């Protein structure tokens, strides 16, 4: 199937590989989605001072651990890209799988954290802060899962030195997910 | 124009109708001119044997002026309309004349409750007058109203007054009006609010000072206990909906 | 500019060590943002939380996503999208964020402190 | 497949390697097939949307009477019908037909490439769209009936079944809308990427046909505006399904937030569907006037300006919704400013006809009708944008008539212009001109007869979305206007089978079309009619802009984009014989 690419896909009038160009548009549309959600959150946060007390309940340790994990997985994603640039498919695949492992770690920390909070009675319906907390982090988590799946697919091909240009594209997406978390972390965990 | 169909029963009605008239004249002239040019061009440049179309790129300044001059004119007229529209808007929604009377309007699915301030002209006192679906005001007095909603978004609309304001749950929204004609006018809900949206009328009775005082003396104090007559609980709402649904199902 | 073959220009001049260094700086910044609130000063917290977040996002964008050497219009597109978000915020905040508007007040009252989480 | 395979396949590929009906029409990655899938889905949804409007207009004209083919209309059913009419016509008719169908069919052909940049993504986009259409249709049959909170879906009405009484209909409607957004985001990314990166050699930015510019700009506007609403829709869905309180004032939420998020998308959405329609009109008008488009760059710049300004005007839908009145003042200014580029665009179109040789074929009639009718929609918008006047007109039939004077020209007149113009390319045959003209006059006259009375009703204070006016004595005198509108609607509907017959009959039996029957310049006419898989026998190279008609000193009054400059006698690919294999 991969050999039947149309000519349209291979053209590059803007001097940018088509895949990367498309990925920038994906990120552009994701910016407004997350922007809409976080913008709404910030409006409410600024008008409800009482939310500081809710934000104090969230575990900064869990948030910081997850930030650390995502930053590290971003490093392995960019190293995968470096390897792919050199044409070293197997190493790129290895690095991508490491990144997936990071994503898995992120999800594990997240689930432990959420389990604890739900057991303490802080559920999505507790109040508006927790609604935003679970919705924003949940939407981000879905992006993490989607990124992991894409990365596994790309890694499989990359291990055989196929479609190496995709390593960079999936990496860009992963960095974007990382950037979203970089903003979620202070918004949901630190600002008290 | 609105005044062909609707009495102008408030001070804002005259103002808004004048604005509408002004816009109608301006855009009307533009519209007619544009359509005339349009149809004239179709007729004038219809395909004829042996006549070839001209090559006009429209990029040169001498050609572009045919488009850009009207375009500047549009801008000028836009500004003209803006000035008048914002003035009317300011008079109606931003600034308000000092209020002489107070009334609270409470919307819910699917009824209007009116809490008149009564003889002492202060809300939430014992002499308040609560009515359901009928609102009583005195002609030529400036009323300040406070708009509430108990459940969903409604809109308090009195076409004869050219008055419209959404009632949003969780907010008390202020507005004003001054009636200039006596009579009974329709109040409508102008924001879809569920099954009974079309069945949510109320009547606004504008009366002379003497009539209004007489009415107040007669009914003063009925607001002390909240009027429950119009309250339809959730259960009833659902029952209502169910009936409607059964009817709908039966018809399909 | 546009004639340069761009596809393989990425990462030129950077070895793996460069990215590890960026990563290390990011970890230091993370540490700063966690420590910031410990001082209990609101301004410091805001700067260490959001200021540092912006710096972190900038570094990830510039170095990991290679926006520094990407075509300029890509950056403009992303900036434009963020501008739309800012525009949206500016248009909505006067209504949603404020408790008292020009002609309305909000009737909602915060639950008493301490009762928040288990409220309805 | 590779370029060689395409070149090889260009002739008579039906005979060998037939991929089978399923792979060819239902599971295809060919942009033309996907375009047709969108078109036929959109046409089907238009019939549903048309049926709903028939039912509730009958109820308005003859309240309490049984509607033939439906039965009695009660308040619940009425609300469901208007909600479904609005959302289906906007999300499942205008969007798929104007953007997805024409975009898919035209972009690769007009840019001179063999397919979209991401054919499989394209297929996925259609499948998600189809799923969303099925979900929204299925809400007619769920307990409680279809959602009845209007297409704007304002909470708290939409947020709680206790208020809207549609426990299934409301969330399913929302899920369908979210799916539809996802489908169009994927499709839009594909369009934009293809248009940017996959243009034929030699095709510079200002050699791109206007319709492609417009579809791409529309996709960009959609992409930039829909995000907050996607977030808002997820929030509203949680409010409905698990009881969060994002829009519930009792828990500190704010119903106004939804209105903002909705209209932040909802207003640009108007331009999302408008732009492709004006693009189609540009193509048709230049061809049938034999004229170069007047000030091509101005059209592009005005479209760009409109796209950007469209992000600044959204709150004019909420002037009286309880937003800060000073903010409303700002939005009045931006709203009136947006009339400037749009007016300029209309002037340019009118100026294009100057000095032309205008032939009133059916596509041209539709294109001209678009301009004439859209002007009415445009000027009446000034009344609503001027906040002072909007206090009276808000939520009356005046608003309704205004946006139908924009949406009907966009979604129907513009589409008919495009369909009748590109029909020979799509199916390799001509539509019948006589039937086309009968359909045109019936539709356009009836359309005006529907909405001019409704303008008057709106000026008379007639409120929208009210299923029975008997409770409002002031409005009783407007009943004849409502009846005129309904009767005109019946006439309008009665003329549509003419089109459907013409369309499907001509698809199989129409006169065969040559590759370039209209003598047009753009690249799609360089391909055979209908274009085979892979589109072009050999990939075209572009030498000039798309509107070089009636160039002085040339024998022919058109000069296709792909014909080399030294070629004086225009022949070769342009006059190529009819392609092998019919439809």
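Note that the chains are named A, B, C and D in the order they appear, and that numbering of residues resets to 1 at the start of each chain.
The definition used in the following text is that a contact is a pair of C-beta atoms (placed from the backbone, for glycine too) under 8 Å apart; a residue touches a chain by one contact, two chains touch by 3 or more.
This one's a predicted model, so the numbers in the text were calculated from it and none came from an experiment.
The interface with the greater count of contacting C-beta pairs, when A-D is set against B-C, is A-D.
Look at where the CA atoms of chain A average out and do the same for chain B: the two points lie 47 Å apart.
Centroids of chain C and chain D (each the mean of its C-alpha atoms) stand 37 Å apart. A separation of 42 Å divides the Cα centre of chain B from that of chain C. Among the residues of chain C, those in touch with two or more other chains are 81, 84-85, 88, 92, 96, 98, 102-104, 106-108, 110, 119-120. Taken residue by residue, chain A touches two or more other chains at 12, 14, 16, 25, 28-29, 31-32, 35-36, 39-40, 43-44, 48, 125, 127, whereas all remaining positions touch fewer. Of all residues in chain B, those that touch two or more other chains are 93-94, 168, 170-171, 173. Touching chain pairs in this entry, ordered by label, are A-C, A-D, B-C, B-D, C-D.
On the side of chain D, the complex with chain C involves touching residues 224-225, 227-228, 249-252, 254, 256-257, 260-261, 264, 311-312, 314-315, 322-327, 331.
Those residues of chain D that touch chain A in the complex are listed here as 1-3, 6, 108, 113-119, 185, 188-190, 192-194, 196-199, 203, 223-232, 234-235, 238, 242-246, 251-254, 257, 261, 264, 534, 539. Residues of chain D touching chain B in their complex: 70-79, 144-145, 148-150, 154-157, 162-165, 249-250, 254-256, 289-298, 320-322, 325-326, 328-329, 332-333, 336-337, 339-340, 343-344, 346-348, 350-360, 368, 371-372, 375-376, 379-380, 382-383, 386-389, 391-392, 394-396, 456, 459-461, 463-469, 471-475, 477-478, 549-552, 557. Across the interface of their complex, chain D is touched by residues 80-81, 84-85, 87-88, 91-92, 94-96, 98, 101-104, 106-108, 110, 119-120 of chain C. Residues 2-8, 10-11, 14-16, 19-20, 22-23, 26-27, 30, 33-34, 36-37, 45-46, 48-50, 52-53, 56-57, 60-61, 63-65, 71, 74, 77-78, 81-82, 84-85, 88-89, 92-93, 96-99, 110-111, 113-114, 116-120 of chain C are the ones that touch chain A when the two sit in their complex.
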